[in-house]
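Supplied in structure tokens, the structure appears directly below.
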Amino acid sequence: MDTPLTSRFSTVAFLGLGAMGFPMAGHLAARSRETGGRTLVWNRTPGRAEAHAAEFGSVAVTLQEAAGADLIVSCLPTSAEVDEVLDAVLGQLTPGSVWVDCTSGHPDAAPRQRDQLRTAGVRFVDAPVSGGTAAAKSGTLTVMVGGPQVEVEAVRPHLAFAGKLVRVGDTGAGFAVKAVNNALLAVNLWAAGEGLAILGLHGVQLGAALEVINASSGRSNTTENLIPQRVLTREFPATFGLGLLAKDAGIALDMAETARGSAPVIAQVTALYRAAARVIGAQEDHTAALKLIEQMNGVELK
Amino acid sequence: MDTPLTSRFSTVAFLGLGAMGFPMAGHLAARSRETGGRTLVWNRTPGRAEAHAAEFGSVAVTLQEAAGADLIVSCLPTSAEVDEVLDAVLGQLTPGSVWVDCTSGHPDAAPRQRDQLRTAGVRFVDAPVSGGTAAAKSGTLTVMVGGPQVEVEAVRPHLAFAGKLVRVGDTGAGFAVKAVNNALLAVNLWAAGEGLAILGLHGVQLGAALEVINASSGRSNTTENLIPQRVLTREFPATFGLGLLAKDAGIALDMAETARGSAPVIAQVTALYRAAARVIGAQEDHTAALKLIEQMNGVELK
Amino acid sequence: MDTPLTSRFSTVAFLGLGAMGFPMAGHLAARSRETGGRTLVWNRTPGRAEAHAAEFGSVAVTLQEAAGADLIVSCLPTSAEVDEVLDAVLGQLTPGSVWVDCTSGHPDAAPRQRDQLRTAGVRFVDAPVSGGTAAAKSGTLTVMVGGPQVEVEAVRPHLAFAGKLVRVGDTGAGFAVKAVNNALLAVNLWAAGEGLAILGLHGVQLGAALEVINASSGRSNTTENLIPQRVLTREFPATFGLGLLAKDAGIALDMAETARGSAPVIAQVTALYRAAARVIGAQEDHTAALKLIEQMNGVELK
Amino acid sequence: MDTPLTSRFSTVAFLGLGAMGFPMAGHLAARSRETGGRTLVWNRTPGRAEAHAAEFGSVAVTLQEAAGADLIVSCLPTSAEVDEVLDAVLGQLTPGSVWVDCTSGHPDAAPRQRDQLRTAGVRFVDAPVSGGTAAAKSGTLTVMVGGPQVEVEAVRPHLAFAGKLVRVGDTGAGFAVKAVNNALLAVNLWAAGEGLAILGLHGVQLGAALEVINASSGRSNTTENLIPQRVLTREFPATFGLGLLAKDAGIALDMAETARGSAPVIAQVTALYRAAARVIGAQEDHTAALKLIEQMNGVELK
């Protein structure tokens, strides 16, 4: 029988203070101040945790200290890093606690991680987020959650960075929806880049074209927000890496393969982002993938 | 020297009363009643024109009678049908008048049609529309217009079906932007279908997944509107044919080829819509392309 | 230290008597008769092993009896079946023996299987084959082998079904080359199908077209052999299943993903074979994938 | 009624002395010497024609002098250049003569060119060639011919550069088969590049891999000849330009679109060659397209 779920989450630990995790943990810390709880923060490079403590009143701790929390929230680059951290702290975890993984993880990792945590009496919920650094800062992230209903409801009030939180299914379903969401982001962004390149080659003014498309059937988040803000401005601010988007699209593709499904467009686009990560740089902003389209067409999107 | 542009457009003729043209011409007729002008309507099958006259107070006429109008608006399946009609009436046109083509035409056709009309002292403006039958009925279509500024401004007040009208460039630019917009529609729709098929194969509830995606970075007009309204409902109402969307994407692809551009994703997706038009049916609604994805994956999107 | 490699392979066991394995094991049995050794054969459905014994003078055995051989050769649908069999017999294996896996396996499985076998003092060599049932019957298969040089040389003389045997690298390299070879087969076959469909739509006689292509730069094994023999004849003899070819192409794609490589065409084609396996049937001959192309184009390749 | 076809072709003119045309015209000149006829040669840059005369005993002439020949053979970059030349000489042509166009032309151009020549009493046969500069030099080109049987037979004995000549259908069929052949070349070459890149990323020795693939089902002209000779050697000798191969694949794609066919792989590959022509250079050898694959994968094919 499973260890009973704790009824209180007075100590929360946040693991991974990257571009997303840093402001997300800030919202948890603000909530703790209101409720009289504590927010512990850990990062691989400790200076980042200390900066967080200074800015948000959280407590910078070692990984072993973080392990004792009632609620652990992780936000790391991939499921592989989650596995490493999980292996390192498995013996120090508190029975009855819950581990909420906000990483854009792999659906295959979720049941494995859940099983491993169960041996320590700990629950696992996959809860990746969407909205980028802007929504992370404003605490309006969309959270897509996989796991048993009761556990999702238990942690729901504590995820203070969420603007919208939807349980999309059982363990792994959150990762699955996130992977597909990001695959759609990748496809829509790439296609918009191709379309604008075609128009640019024919001398059409791209700003006017986008204005019309955004009032028409071809519009998407990428034509409405990303391209006007990041591409046409030539700013390409690196808030979400090209390599990570390629990884996420690859997870969706992997899900197709596992189920013997057929997703030829997602397959093609994943490969093109892999190419862009090589040619343009995996650390560049994901919108910089369109620089590869520019090279492929001899035209600048501006 | 060009024939001076007429300063009044008291008689307007609308050619092509299809699913889009019928309500569009209705808005022209309503405007004519307000301004004391006349709206003539012509359709290949005359019964449709008579029905329009009965419903909107327009005047059903022959093609030759329509040719004498001050402003001609055409809305036909492809540029080939426009060429046919144009050849048939070239001798009857009124010098100083303007021909506004709302067809989703080919950018290569526009300069040719403009040159041909100039021999009759008539201007040509390409002005395709987006928004579907709903926006056609409500008079809120987005119109993307190509042509000289002065001619665009001359006709702008008379296109009563427009919610938004943007001049995107010179002759042909309207067709170009429309083709690219529809290519993006095609890609975004297809990719969303693949993504949902993957999730369906993994047992994720598609309604919940769409709710989350529509609050996330992967959202597009297709996930927000088309798929919830037409696909998950299994209704697939045939308002815009699969074959016509394939044709439009093909125009974008053709534009890429003409400019020696590279648009690998639009290229693949065009081919997949051609396949869907064969396997599912060119007359089916464009969203029925996702039935091919269902067959490819052995899963139903519902 | 590793158990010394046996210097003799007098008892050989063959696991998996499918369309390929059955005749391959026949060549091992013939060799055994010449050298005074024994060939044991095992199949999941025992009747097939008994038929082999009757036809080739091999000895039909249980899996546990087969496990004691000096040389084990397996030829199963995927690495998953090899894992199952390996788990079942690990305790019964003979130290110093070698396991040669002719399955079209996954490169990731090879080092894992090698490590597992090492605990039992057994070597592992990956040695997938190409040439189809015809070359399996004639004993002229191409064998691509991965593993340490000394082990490859030790087993080389005993693989009597080989027409050509090349060591392509260390453990897993055989599987890797096989996966890529089959991915190329898949692409070349699909592309030829598309090309012939285009010509068919334009009324060109396909036999004459193939004759010319096969004397030109576009020729491949698929235009020279598979399409004239299997497609234009409308025979599609099921010697190598469509589902298995999709699986193999998927392994190549997986290898690309693992290495963060970019293979957009192999990615697309893998997805199209997955689609064909759903629409046409995974058990159909791999050349029947072209029936999906026929549906996509409304044309028959004959 | 058509002008009767001439029964003798004592004067032959060759238009276009490029990498292919130069040696092709050499074979015509050698044949003329045997038969007592004359071979006239013309090139846009006259020095090239004079060099041909010096080397092969042909006669360097102006375009107008060439126009009077009994048999005109043209070999130009695209149908557009053929149109230009044809327009320039239409009035000087000899009724009863035949124009054989060995350009890799567009199937849509052929009936138009045939109709135009008929007004001058001249026949048109499309007869593109395959085999590259090596076969052009050795006189063993494969010629794929479209046109009426009687005209094809009339010119057959005079095309001294042919190793194999097949009539594949009516006017335009030669161009069609050539476009598809080259599209297959493009796909097979690109896929082989991807496959080798995958193997290279996994540390497999590419020479050994090719040796095995060339004895296996994945082999093609590109793995057997082009890649070992041009890519692994890092020579990439520019005998057939990347831009021209992209153009040819584009013709095949255009044929698919015209017939509302679906060729998703040829569509993607055409776009990738267009990209390679931009990034690597349209004038580079067609095999240099694989340098783009190298960039996309961060690996060198050697």
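In order of appearance the chains are A, B, C and D, and numbering begins at 1 in each one.
Operating definition for what follows: contacts are C-beta pairs under 8 Å (C-beta built on N, C-alpha and C of every residue); 3 or more make two chains touch, one makes a residue touch a chain.
None of the values given here were measured: they were computed from a predicted structure.
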{"item": "Classification of the chain C:chain D interface as same or different, half of numbers criterion", "value": "same"}
{"item": "A-C compared against B-C, more contacting pairs", "value": "A-C"}
{"item": "Farthest-lying chain, centroid of Cα atoms versus that of chain B", "value": "C"}
{"item": "Centre-to-centre distance between chain C and chain A (centres being mean Cα positions), rounded to whole Å", "value": "40"}
{"item": "Chain C and chain D: spacing of chain centres that average the CA atoms, whole Å", "value": "38"}
{"item": "Between chain B and chain C, centroid-to-centroid distance (C-alpha), Å", "value": "51"}
{"item": "Residue list for chain B, restricted to those that touch at least two other chains", "value": "256, 261-264, 268, 272, 274-275, 278, 296-297"}
{"item": "Touching residues on chain B, where the partner in the complex is chain D", "value": "243, 246, 250, 253-254, 256-257, 260-264, 267-268, 270-272, 274-275, 277-278"}
{"item": "Touching residues on chain D, where the partner in the complex is chain C", "value": "107, 130-132, 142, 144, 163-164, 166-170, 172-173, 176-177, 180-185, 187-188, 190-192, 194-199, 201-205, 208-209, 211-213, 215-223, 252, 255-256, 259, 261-266, 268-269, 272, 293, 296-297, 299"}
{"item": "Chain D contact footprint on chain A (complex, rising order)", "value": "264, 268, 274-275, 278-279, 295-298"}
